[in-house]
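These notes open a run of structures that come right after.
After this come two complexes, each holding subunit A, first together with subunit B and then together with subunit C.
On to the complex of A and B.
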């Protein structure tokens, strides 16, 4: 390794973005600063087991170091299974899962979210279900069920109510998906 | 006894045979199901929970209030619905400021979140409300020594603080085991019992890594238990274990197939349900298992 490469591999802490930690704490990761990097969460994490670059402990470490771009450029946080082994096992009650969720909330505010999440949000707004299969009516009939489940898809008024509720959430302010009021 | 059935997305649209199994088994055990008309998505992790805490809780709260108005607890077969609904409830119950913001939105719609309905997973509900002995008495067909490997599922266990029904030790779960034994199954232990199946956000983000987890799990099951059947406690685990085996065989990672059913499907079969209706959408070949159970 040449000296030049060696230098490039060193993380320059003074270039870190110190506002990131505050943002995370405001968006649900209140216990961030309680973390002592003991890595109990990492030992239990499916993301670590599957070989993703950033899992709970490393996300927290990167947030504390202000490595905003490194986290935004990587898909790891979106692969989190929300399994909460980390929440269960953390000796400091940091709630690492919630910090990964908070990092997703940061990413969404910078429009750095995967297409699948946009589609899920759009589907939630349009049908009331994040996962909705238009052709499922036949499958449901095949096993003797009515074409539509008793949810927002079978109750237009309930869907309208849900949409009106969603228009009062942060989702509407972010402008990620079209959320016009019907008929407007 | 009556309870609200929260059907969710994947069960309603991907595996309605599992929905049908719940709709058969509960009444057969004397428990009436309410449809919770107008329910929506829980909401699932990649949507509102990734946007905003209050936005997550308000969509959850709308669902909670549908059950609260009827004075019912909520049951679901989906781990994600169970986790998301239980966590939104926990957040609102432990953070008055979140609950206040949620109710500020809901009041315009004539709703108020109170926190009076508990969120339950089907097999935990049956375990606590009826118990394994009553289920043993109610079934028409027994599994009679059928060798079973379990997949309890992540959200059925963690974080235990948000759940109404708890395991004594969530890293060594025993409820699903007892519930399968009540049906006459022989349940084998394997090292990767509590490992994640890789479904969900991981599968949508990186299929290869997701398959790696399910491969390890299947190999551990096969070599340590060699089961006739895999029984899951979660609808997402059902979909992953049922569909991933073909991918893994095609890429020569495994050379076997193990049939997969959700606990509620096995229970419905034992109670005498029409196998086509309650298991008809399985990708793995469950026919030999049905023949062994129903004869």
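On to the complex of A and C.
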């Protein structure tokens, strides 16, 4: 949903899904109902600065009004930079970042996530990095760094452990990315 | 005859002189003899309040050379102890015998400076104030030069008047140790109880048949959710049984005369058409009555009878006949004898009469439809006439024609166990329990078409009603459309948080329209400011938080007592911060929503403050009355009677002396308004403290 559409469309509150608020609270946004929409979080949010339709404050209001479809049709929540400024400054300890994370959990259960996010997840499983520049080895060499970073990339055992952990998460049940056990 | 007491520094004389003559002789003594008026001028900086706009030093220099002025000083705060000390010392040192203080308003500060003048050893009425703050520096803040020039004029004018000031003596008036409280709501009842508990006789006048007021209609009260009736009923019973309280319900104030200490109040006891001495409040007559009248107590949502008891907990629990709606069953018009049954020989009675076991309901009696006019003598009066809530009719955009669009007060009655649905949550159109309820705030408040003020209690009562419903029926969807949530007050914000946590949905954005849809459904249209999008909602019940308005005829009551209303229609207090329960009329106080929208805790606080203020004159037993009153030179009075007609306080009468009529002013009643002095065709009425000589001197100084 772009900004223009957000203005033009009339939101029908009667079609609101009253179960959404409870779902968000169960998935990590426990303090949802403490929000009084003061907009302090929005003042610090990169999403709001970049012009996304649903930044922290609006995500919360939309959740409170049960606007599940509007949130799922929009990709704003996936653009959250996890800077956590909102959580630091919220005067009511709502933890808006966690509410965005909880909304991502809701979205992923509905397979409502952008391709880029699927690629990120796949990369996380395969390399341990959501974004990994495989072709950066030469550049690293030039500046005197080892070709592979000292992470799961350079340490196959650690990667296996990470993958084992990921297979125990809800991600495995959803089957969004292939998560075979290596060598099986 | 007034004895003008002339007090000069070190010389105290007593001359039996009349009116202005005394003052003039005093002045001629001053002028003709060695003694000339010696005026001291004191100019206050009032911190930056005056000095920020007025060049105080320039004004001081100017004042110094005015005729009669022997010294002029300036000081940072004249009202401070050192400031007052300047005046006292100058008087004690024999430097001055008149004082002009150029500072703020005499309304708050004249008593302080009068006291200083008196402590210094002068008659306290030898003081004049020039208000160079409220009337100069504040309004002319942007024009410093102009403000300084105006200050000079005001000082010159005060000095000119001071030249002709005469010493005056305070009068004392005996106080009638009783009080009148108008209005029997929670404010009026607390005011009455406090005064009664202090030992004073209290007359409590209430226009309805029972005390209780609006609070009696409420189901629960925020922020503690106490049952309103449970906390109010004991207070009503105390009021009804207190030996010092004379309860006058179903009565209205007709006229008020007199002044602090001695008010004469005429109260009309409306005709009840029932002998209240015999009525036991059993309700048998009510059950027998076939007439149906919209029930005011239930906000018109069901019917009462033409003979009725206002509500179950009514105090006094007595029936009244609403004569306009009485059907006169069996042709039993009030005051007529019953027809006799041709066969049985028994009189044919109306059902109410037949049902009454005590004989209280007797339609043969010749009742006076005008009721009874009684006169009360009281020393002080408290007005606590409360408020009325706006009805929904004016708000065409919210489909007021729909029975399912109701006011919050109507919802209050629906929620109440004594209401039209016995406390069951049923919507008016079909008695169904609503699934979705929308509350709309600021209906008629913060709205230039109706009331520009905030009604103050709506945010909290909407939250309260929503909470009561949500706690009982968690599955009902509740939306509150608001502009700002205003929950200032002890424990109020916590109450609001609690409501949010119950899942009551708060939506910022004034509702633009409520549309009627087929099948008793309502569509609410608004703009959610937080989402930045228009929204609509289908609701089964829409609740309008309509504004609190002044009680009907409040302005008229104010006029009877000489108290003005503000532009918003509520009675005006003397000073918003410092004298919130006093009015411009001494001895008359205000409490509760008659003064402006308030919640119950505030109303009770103000009522108890008003009762303690109203007890002060009663406790003193006498009150000081300023001698700034009018006096007639009876020898020169032609007896034309012009002043008699004009006096708003009925203080002037024509008396015969040696075959000649002349007017006489009752000192106790005169309020010193000056109308008579201005109107007297012979110019023989003097208003002390504002004599013609003094006023003309002021005008001359201002115009020069």
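Keep this in mind: the second predicted complex is superposed on the first by the 174 of 184 C-alpha atoms of A that agree within 3 Å, B and C clash if a C-alpha of one lies under 4 Å from a C-alpha of the other, contacts with A are read in each partner's own complex, and residues count from 1 in each chain.
By our rule, a contact is a pair of C-beta atoms (placed from the backbone, for glycine too) under 8 Å apart; a residue touches a chain by one contact, two chains touch by 3 or more.
Quick caveat, the model's predicted, so the values are computed rather than measured.
**Q** Subunit A superposed: clash or fit between subunit B and subunit C?
**A** fit
**Q** Taking the superposition on A as described, I'd like to know which of subunit B and subunit C A:33 touches: first, second, both or neither.
**A** A:33 contacts subunit C only, not subunit B.
**Q** Going by the touch definition up top, name the partner, subunit B or subunit C, that contacts more of subunit A.
**A** The larger set of subunit A residues in touch belongs to B.
**Q** After superposition on the shared chain, which partner residues are touched by A:18: those of subunit B (first), subunit C (second), both, or neither?
**A** second
**Q** Between the C-alpha centres of subunit B and subunit C, what angle is subtended at subunit A's, in steps of 10°?
**A** Approximately 100 degrees at the subunit A centre.
**Q** For A:62, is the partner it touches subunit B (first), subunit C (second), both, or none of the two (neither)?
**A** A:62: touches subunit C, not subunit B.
**Q** Considering only the touch criterion stated at the top, classify A:78 as touching first (subunit B), second (subunit C), both, or neither.
**A** The first partner, subunit B, only.
**Q** For the superposed model, what is the least distance in angstrom between any CA atom of subunit B and any CA atom of subunit C?
**A** 19
**Q** What residues on subunit A does subunit C touch that subunit B touches too?
**A** Touching subunit B in the first complex and subunit C in the second, no residue of subunit A appears in both lists.
**Q** For a test of understanding, state which residues of subunit A touch subunit B in their complex under the given definition.
**A** Residues 27-28, 46-47, 49-52, 75, 78-85, 87-88, 97, 101, 104-105, 108, 113-114, 116-117, 120-121, 124, 128-133, 136, 139-140, 142-145, 149-152, 154-155, 157-159, 161-162, 164-166, 168-171, 174 of subunit A touch subunit B in their complex.
**Q** In the complex of these two chains, what residues of subunit C are touching subunit A?
**A** Residues 436, 477, 479, 485, 497, 500-501, 503, 505-508, 528, 530-538.
**Q** Quick check: in the complex, which residue numbers of subunit A touch subunit C?
**A** Of all residues in subunit A, those touching subunit C are 6-7, 9-14, 18, 21, 33-37, 39, 57-58, 61-62, 64-65, 67.
**Q** Note which residues of subunit B are touching subunit A in the complex, please.
**A** Those residues of subunit B that touch subunit A are 7, 9-10, 12-14, 16-17, 19-20, 23, 35-41, 43-55, 58-59, 62, 80, 83, 105-106, 108-109, 154-155, 157-161, 170-171, 195-196, 198-202, 204-206, 209-210, 212-213, 274, 276-278, 280-281.
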